[in-house]
Amino acid sequence: MSQLDLEALLDAFAGGELSRDEALARLRSRGVEDLGFARIDKDRARRRGFPEVIFGLGKSDAQVVEIFTHLAAENPNVLCTRASAAAAETLGREFSELRFDALSGTLSLHRDTRVRGEGSIAVVSAGTSDQKAAREAEICAEVMGNEVHSYRDVGVAGLHRILACIDEIRSARVIICVAGLEAALPSVVAGLVERPVIAVPTSVGYGASFGGVAALLGCLNACSAGVTTVNIDNGFGAAYAASLMIRRPS
Amino acid sequence: MSQLDLEALLDAFAGGELSRDEALARLRSRGVEDLGFARIDKDRARRRGFPEVIFGLGKSDAQVVEIFTHLAAENPNVLCTRASAAAAETLGREFSELRFDALSGTLSLHRDTRVRGEGSIAVVSAGTSDQKAAREAEICAEVMGNEVHSYRDVGVAGLHRILACIDEIRSARVIICVAGLEAALPSVVAGLVERPVIAVPTSVGYGASFGGVAALLGCLNACSAGVTTVNIDNGFGAAYAASLMIRRPS
Amino acid sequence: MSQLDLEALLDAFAGGELSRDEALARLRSRGVEDLGFARIDKDRARRRGFPEVIFGLGKSDAQVVEIFTHLAAENPNVLCTRASAAAAETLGREFSELRFDALSGTLSLHRDTRVRGEGSIAVVSAGTSDQKAAREAEICAEVMGNEVHSYRDVGVAGLHRILACIDEIRSARVIICVAGLEAALPSVVAGLVERPVIAVPTSVGYGASFGGVAALLGCLNACSAGVTTVNIDNGFGAAYAASLMIRRPS
Amino acid sequence: MSQLDLEALLDAFAGGELSRDEALARLRSRGVEDLGFARIDKDRARRRGFPEVIFGLGKSDAQVVEIFTHLAAENPNVLCTRASAAAAETLGREFSELRFDALSGTLSLHRDTRVRGEGSIAVVSAGTSDQKAAREAEICAEVMGNEVHSYRDVGVAGLHRILACIDEIRSARVIICVAGLEAALPSVVAGLVERPVIAVPTSVGYGASFGGVAALLGCLNACSAGVTTVNIDNGFGAAYAASLMIRRPS
Amino acid sequence: MSQLDLEALLDAFAGGELSRDEALARLRSRGVEDLGFARIDKDRARRRGFPEVIFGLGKSDAQVVEIFTHLAAENPNVLCTRASAAAAETLGREFSELRFDALSGTLSLHRDTRVRGEGSIAVVSAGTSDQKAAREAEICAEVMGNEVHSYRDVGVAGLHRILACIDEIRSARVIICVAGLEAALPSVVAGLVERPVIAVPTSVGYGASFGGVAALLGCLNACSAGVTTVNIDNGFGAAYAASLMIRRPS
Amino acid sequence: MSQLDLEALLDAFAGGELSRDEALARLRSRGVEDLGFARIDKDRARRRGFPEVIFGLGKSDAQVVEIFTHLAAENPNVLCTRASAAAAETLGREFSELRFDALSGTLSLHRDTRVRGEGSIAVVSAGTSDQKAAREAEICAEVMGNEVHSYRDVGVAGLHRILACIDEIRSARVIICVAGLEAALPSVVAGLVERPVIAVPTSVGYGASFGGVAALLGCLNACSAGVTTVNIDNGFGAAYAASLMIRRPS
Amino acid sequence: MSQLDLEALLDAFAGGELSRDEALARLRSRGVEDLGFARIDKDRARRRGFPEVIFGLGKSDAQVVEIFTHLAAENPNVLCTRASAAAAETLGREFSELRFDALSGTLSLHRDTRVRGEGSIAVVSAGTSDQKAAREAEICAEVMGNEVHSYRDVGVAGLHRILACIDEIRSARVIICVAGLEAALPSVVAGLVERPVIAVPTSVGYGASFGGVAALLGCLNACSAGVTTVNIDNGFGAAYAASLMIRRPS
Amino acid sequence: MSQLDLEALLDAFAGGELSRDEALARLRSRGVEDLGFARIDKDRARRRGFPEVIFGLGKSDAQVVEIFTHLAAENPNVLCTRASAAAAETLGREFSELRFDALSGTLSLHRDTRVRGEGSIAVVSAGTSDQKAAREAEICAEVMGNEVHSYRDVGVAGLHRILACIDEIRSARVIICVAGLEAALPSVVAGLVERPVIAVPTSVGYGASFGGVAALLGCLNACSAGVTTVNIDNGFGAAYAASLMIRRPS
């Protein structure tokens, strides 16, 4: 409840337009509104700049379909990560614009394609097996209203690959760096650019990669300053943070 | 070596102003220069926007003093983290503007106080014991040319403390969130703002906090989107990343 | 064997009503009885206030059915956690009152519905995916004779959700707090109430949640005093402890 | 802000006793007060039933002394855990009633000795080396207004020791069980009583005890239901939770 | 090669019964024989007192059948752990005496049933779910020529169960103690007997049992002296070690 | 309380030699005695065959001296592990036979030097740095009444060293094998002998030895059957278990 | 770009054979070429001595087939590790020389069978279950142009097995040592030879082998100098490193 | 004992030059000699090509001095790692050629300076703090008879540093790569050269570097083939393995 709203309420009460009970009821629920959040989802889109995002993991297909449909009624753009092909098929019958990326399990409606970020986001990934997390990051960043450029298979085992495109990467405003195994890529990239690097460690590897722990530790201990890290395989989280970093002031 | 530099070199060679040997020598070292880095520190400041930073940990006082003095000859602003009081004392005799924060061990020269970031950085910390990492973040961010606001002792055990200043925090462009124990603060803050949150887990706690591992996992698994994480107690890393996020395009 | 029983035994032996051999036999088994436990299950119900609970995990359906049937012959209320749908179907043919919660795998007979606890138990859970453990806690607490109130999907990512119902939660006598990911909810809730909080970390999450380890550490390191913790996903354990906390002195 | 306070405020405003600006100011700060917490410590004592507790760990002696003195001006009873002997000496000059337990580092003023809990708390500990955590639990529980009974050196290596006093232990309302090494004691005790057991794993042991991890896992996996666990060596946390469990409704 | 064999060889060579080449050949292979091992399996049975044991894990059914058949041609008693039902079926067609324990996957031929150990082995197990490892221990110990007594479902949650049979257990010469969860049983049993206790931690449990790690640490940190530990679920290893402990000197 | 004691008690009561109150008192305390343990230490020596052992770790010198003196009044042989030189000096003034091994911190009185074990114990250790744990094992085993033979510095890096003495080692009845780093020695020794091997992993090593975890895992995963393991550096535990294994039936 | 290439370029430009634009284009891409790597795979074979190797893990069969076919068009020898039988079948229709090792999932074309290494590689493995990694190492080493000798089932549980063939093993130039469980074999072998030993820990084992962690730590802590280690089950990595070690200087 | 030695022994015995007892004694000790090792240290130098190496860690200064002096009497070159300055001072009085590197604690006598390796060893290290392990590797490699070239402070945060000297590094026969933090350097270097790379992870770093675990995992998961790894900070181990790799066949 803004200063203006509060003043209006008091004036309305003082002016008799609002009964004491009505004024009490509005004030009682104020603590919540005053904090800037609300239970109605359409408000979330207005408040935070993009629609609520559904995490498909651990939800039934029916739940995913129901929440997605509900959100799609209120928002032009809707995102669901880690969704199943079955949920995609059901929703595809209703929404012709629906897009499903089978590799990453990302479901999206991207009906409002205006770009909202200042500058672009580069998604740089080390190997073929990192594409699952990289695709999630790319799609999420796009649907959130960003210009996204992808640089794939540029791992440090063949350093020339990343060097060949580093000038392009430098032109992005923020860089998402996706890598498994020892995750040396974020260190190398951050050492070459003047932009923030968000590292996404992936669970790619076997043996002592321990499901991405080696990559996670590699990212957290990056010798180049300017790297921050998200959870293992969390392409969505990186895209969300990157979006916030370049969002134009509203 | 820019396109223009290359053209100039070829023209000079074609025009006889440059011998073949001189042209060869310049081209040989080009691979390095073309990548955009150099061994001379003053170039680092020009290139990346702020001076090289000394990590005091594992360096002798003599080494710290020597490198610091060298950097201070070329740059207005110099930073050294995890320095000793002895190194500070020695350097203080030479540099009257020297500032030493004993709590965090941060040594700094802040002679060029122009602000270079767009918008401010909020440093939000949970408890008294998190001040070591918080101070490191604050000083580093300031010396790197940012406006910094601090919100201390606002841990979630008394939720009203963070709620009371959340409106101010929202006005920052990026938020650094410093917390030990279970590190619930980044989740709570990120859920209340539209800005990127950089979480700094601290080693504060005993028993099953495992030197900050509990806090680190808390940050990486934050239920609110928009949180990225740096290493345990790494206030400097958070400040560096935050600076890159709000740096004005040069 | 109580003081009175011992006196009676000695008197009966002295009075010749009990042979020396009979007296010896009774005394031989006394160590066990005197400690307050017995091998016969119906005694457990009398002694501890509710029926023995079957853990379905690692037991065959046939074993579950046999033990359940045996217990149901002696006790009005019977509980089995982590049971299969097949076991539920078989038992359902015999016990018309049988209730099976498919989500959590909890099988129960709740024929004696008297409330035995002083005050109610609140089960507060962070997200949709925490419902498996939350349901187990709710059903177990109910069948053990408690009044239970549930507060679902009140995770700290949207703080207003928990704040909106905190007054109701305060009226409970003990609070079970179920959360995965970083498990910030127990810290936040315990900071707002004057009641003991039992934290149930869940295995919800991916990557560096490590099957609930992140949540477990979050609960153990909660910055608010008054939180105790049970094993990952152990809704039953939390319900059992909560029941003991509010049990009316018999 | 209670319903009554709100009504009074509106009436005062309607009646002209309160200007619009004053009404606005009071309402603005209401969100915080409405949640039921406040920044003034004396309110914490009124609200939660006992004084704020100082954690000495990571605070300077000067800080400890200052906070302690401040709290002692407002509250009859004050607690500080993990304090130094030096802080104790300084405070001892001012407060003649000051008590310092050197083993656990617990500083306390216990000027209001009224008992506030219903029933007593039993503190049961396995070995001599567990006394540090046990002492912290005992003193904290006492200063918080509870009747406390201690049972020391009753580890399961000599089972007769715990069996010999189990009848007394049963008469407590809640049991704190302190054990290091494999921490078998909570399982054994919980199997013998009808009361909630709060397990405190200690860092006692060498080799594969891993600073209390073995004991912590032992407590979390206790085969007897009714056990909840606090952090390693966290005697204070157990005492606080136990106090909440038996607090008389105010 | 014994002292006597060496003397005989030299005498035979000196006496001309053995050519220099034959003497050389025998001496060349001596290093191996002198160490007391041989490549021929039947020798293993003679040397170590019982037949080689096949680990089925990671071997194909065909491999298991072939090795088993080979061993059965030379030895009266043959053991294979972690075998499949299919391998058992194939072998059962050839060996009418074959015994297959489906629960533990133990295949055995027990044709020489003479007892070879001095005193008996007690196999004490905590719960129903520990029977897999307990069965493996029992069968292996029997086939290795020992008298085995089993005490099942005597976990410490109901202490009377173990106390009721402790006198019988004391009469064994060595005790194998099988327990999952927090594995408190070995500590309790070892505190009550004068015999060596071999602890077998099992992978029974969920959440923070971490596949038997909690139980393993519980066994290694047992507060009662006299406990040694084998790998998680390694019933065979415990039986083998127990057999060596009570083997009659040959 | 034995069958005979019980019969005598009943007869004495029946015969009037024992009042009802006296009979009650004796029976009340019977549960404890009947389990076969007592609080008086001299009974422990009678019951378990050797005196109670003091763990010096975490006890003050004064406590160690007091308990040691108390035990020495009742028992010919007394053991204290992990003691300080100061405690040894104090006790040495009173007990001329006192022996203190500074390397391992083992304090002992060995006044009754009769051998009680059947056969000898071999203590085999890999390197110079394993001597701390090896010495503890040797002294404890000797004071407990065993014949002990030591084989030092026979690690597998020079295999000939262990092979050269394997025949002697084979003549022991049980083998204690002490090794750090990867702890390959227990596997190699167990493969060469027909005796039980108790492995003592040591904390010797650096880097990825993780304070003995590598050695502990090496022992638990020994490829030779017949190996059981004790805690890291726990020479006492190995000696105690070995003593139980070869104790002559009393 | 070599010194000669640079001179030629400048001369051609000076001589007018090369336009300024062409010279610029060649120089722009030089940074990459100058570093000695290229994007075209046939160059990799020329540069590093053997063809690029495909990791099948995490690639679809179609991807494997396409990359394999592409490589086979340019190189005589092609390797793919962790491939499926389905991919092998598809490729087998096109390449008659294709070899598929089902145990390890290694696909290979070995059309140029010239030996390129100086001296041979010994692949020494401990048990039957280690054959998966051992086979991968053997095939990879052969296809990379080496003479390979295998020594299987020579684990240290029967030390005579490794001793019997140690003289042959010594004649190799480098030794790959494959072992699971406690991985004692590399220590024992390295202590007996003057050659570098590459240890391959395998995931063979159960319980506390933790998927190969115990073996990995065993290798890293080997008490014999001269051992280096690769990732768990990484037979390919060991073969690749061994090949580099003995490659004849080109 | 070689074939020739055996023939000579038999001939001497047959010819009466050797008594039966003498022949027996020589043959008895043969098993050991036949395996190719001996207890006398001078033989180790002859056999393995360089003198035995003393590990100072965990040895007293007196022990170090005694072993060093003993070895120096027999060998021209002697090495001791992790030695103290005190031991160095004592030994320096006796050996004027003694060299002590205080940073790494490496003591050495390098009296025979002949080069024995084919080709040189490059020691490449990432940062200033990695010099401790790098120095140990350099000195050990030199004293073992190798030509060593060092490349310091070439971490990937400034990629130009490693690229600037990669051509020189390529000319080495084997490369030791020393790096802490995320240890990206071995991956980058191995991708650029055709030589085996031995990675030495260091314990440099703070927070989530976990004393070198992050670096160790980085090395084991290196995305470039051809990397093998030694223990954390184990510069000696890397030097020893490198020496074996390039040792000229004797």
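Note that the chains are named A, B, C, D, E, F, G and H in the order they appear, and that numbering of residues resets to 1 at the start of each chain.
Rule of thumb we're sticking to: a residue touches a chain if its C-beta (ideal position, glycine included) is under 8 Å from a C-beta of that chain, and two chains touch if they have at least 3 such contacts.
Worth saying up front: this structure is predicted, and the values here are computed from it rather than measured.
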Any chain that touches chain G and chain C: A, B, E, F
Which of B-H and A-H has more C-beta pairs touching across its chains: A-H
Chain of greatest Cα-centre distance to chain H: C
Same or different residue numbers at the chain A/chain G copy interface, by half rule: different
Intercentroid distance (Cα basis), chain H paired with chain F, Å: 39
Averaged-CA centre spacing for the pair chain H and chain G, given as whole angstrom: 25
Sequence positions of chain C contacting 2 or more other chains: 31, 35, 37, 158-159, 163, 191-192, 207-209, 213, 216, 220-221, 225, 231
Chain-to-chain touches, reported pairwise for every pair that qualifies: A-B, A-C, A-D, A-G, A-H, B-C, B-D, B-G, B-H, C-D, C-E, C-F, D-E, D-F, E-F, E-G, E-H, F-G, F-H, G-H
Contact footprint of chain E on chain C as seen in their complex: 31-32, 35, 37-39, 57-59, 63, 201, 203, 212-213, 216, 231-234
Chain C residues within the chain A interface of the complex: 128-129, 158-161, 163-164, 204, 206-209
Contact set on chain B toward chain G in their complex: 3, 6-7, 10-11, 13-14, 20, 23-24, 27-28, 30-31, 34-35
Residues of chain E that touch chain F when the two form their complex: 35-37, 47-49, 53, 163, 166, 170, 174, 191-192, 194-196, 198, 216, 220-221, 225-231, 236-238, 240-241, 244-245, 247
Contact footprint of chain C on chain B as seen in their complex: 126-127, 155-159, 181-184, 187-188, 190-192, 205, 207-210, 213-215, 217-225
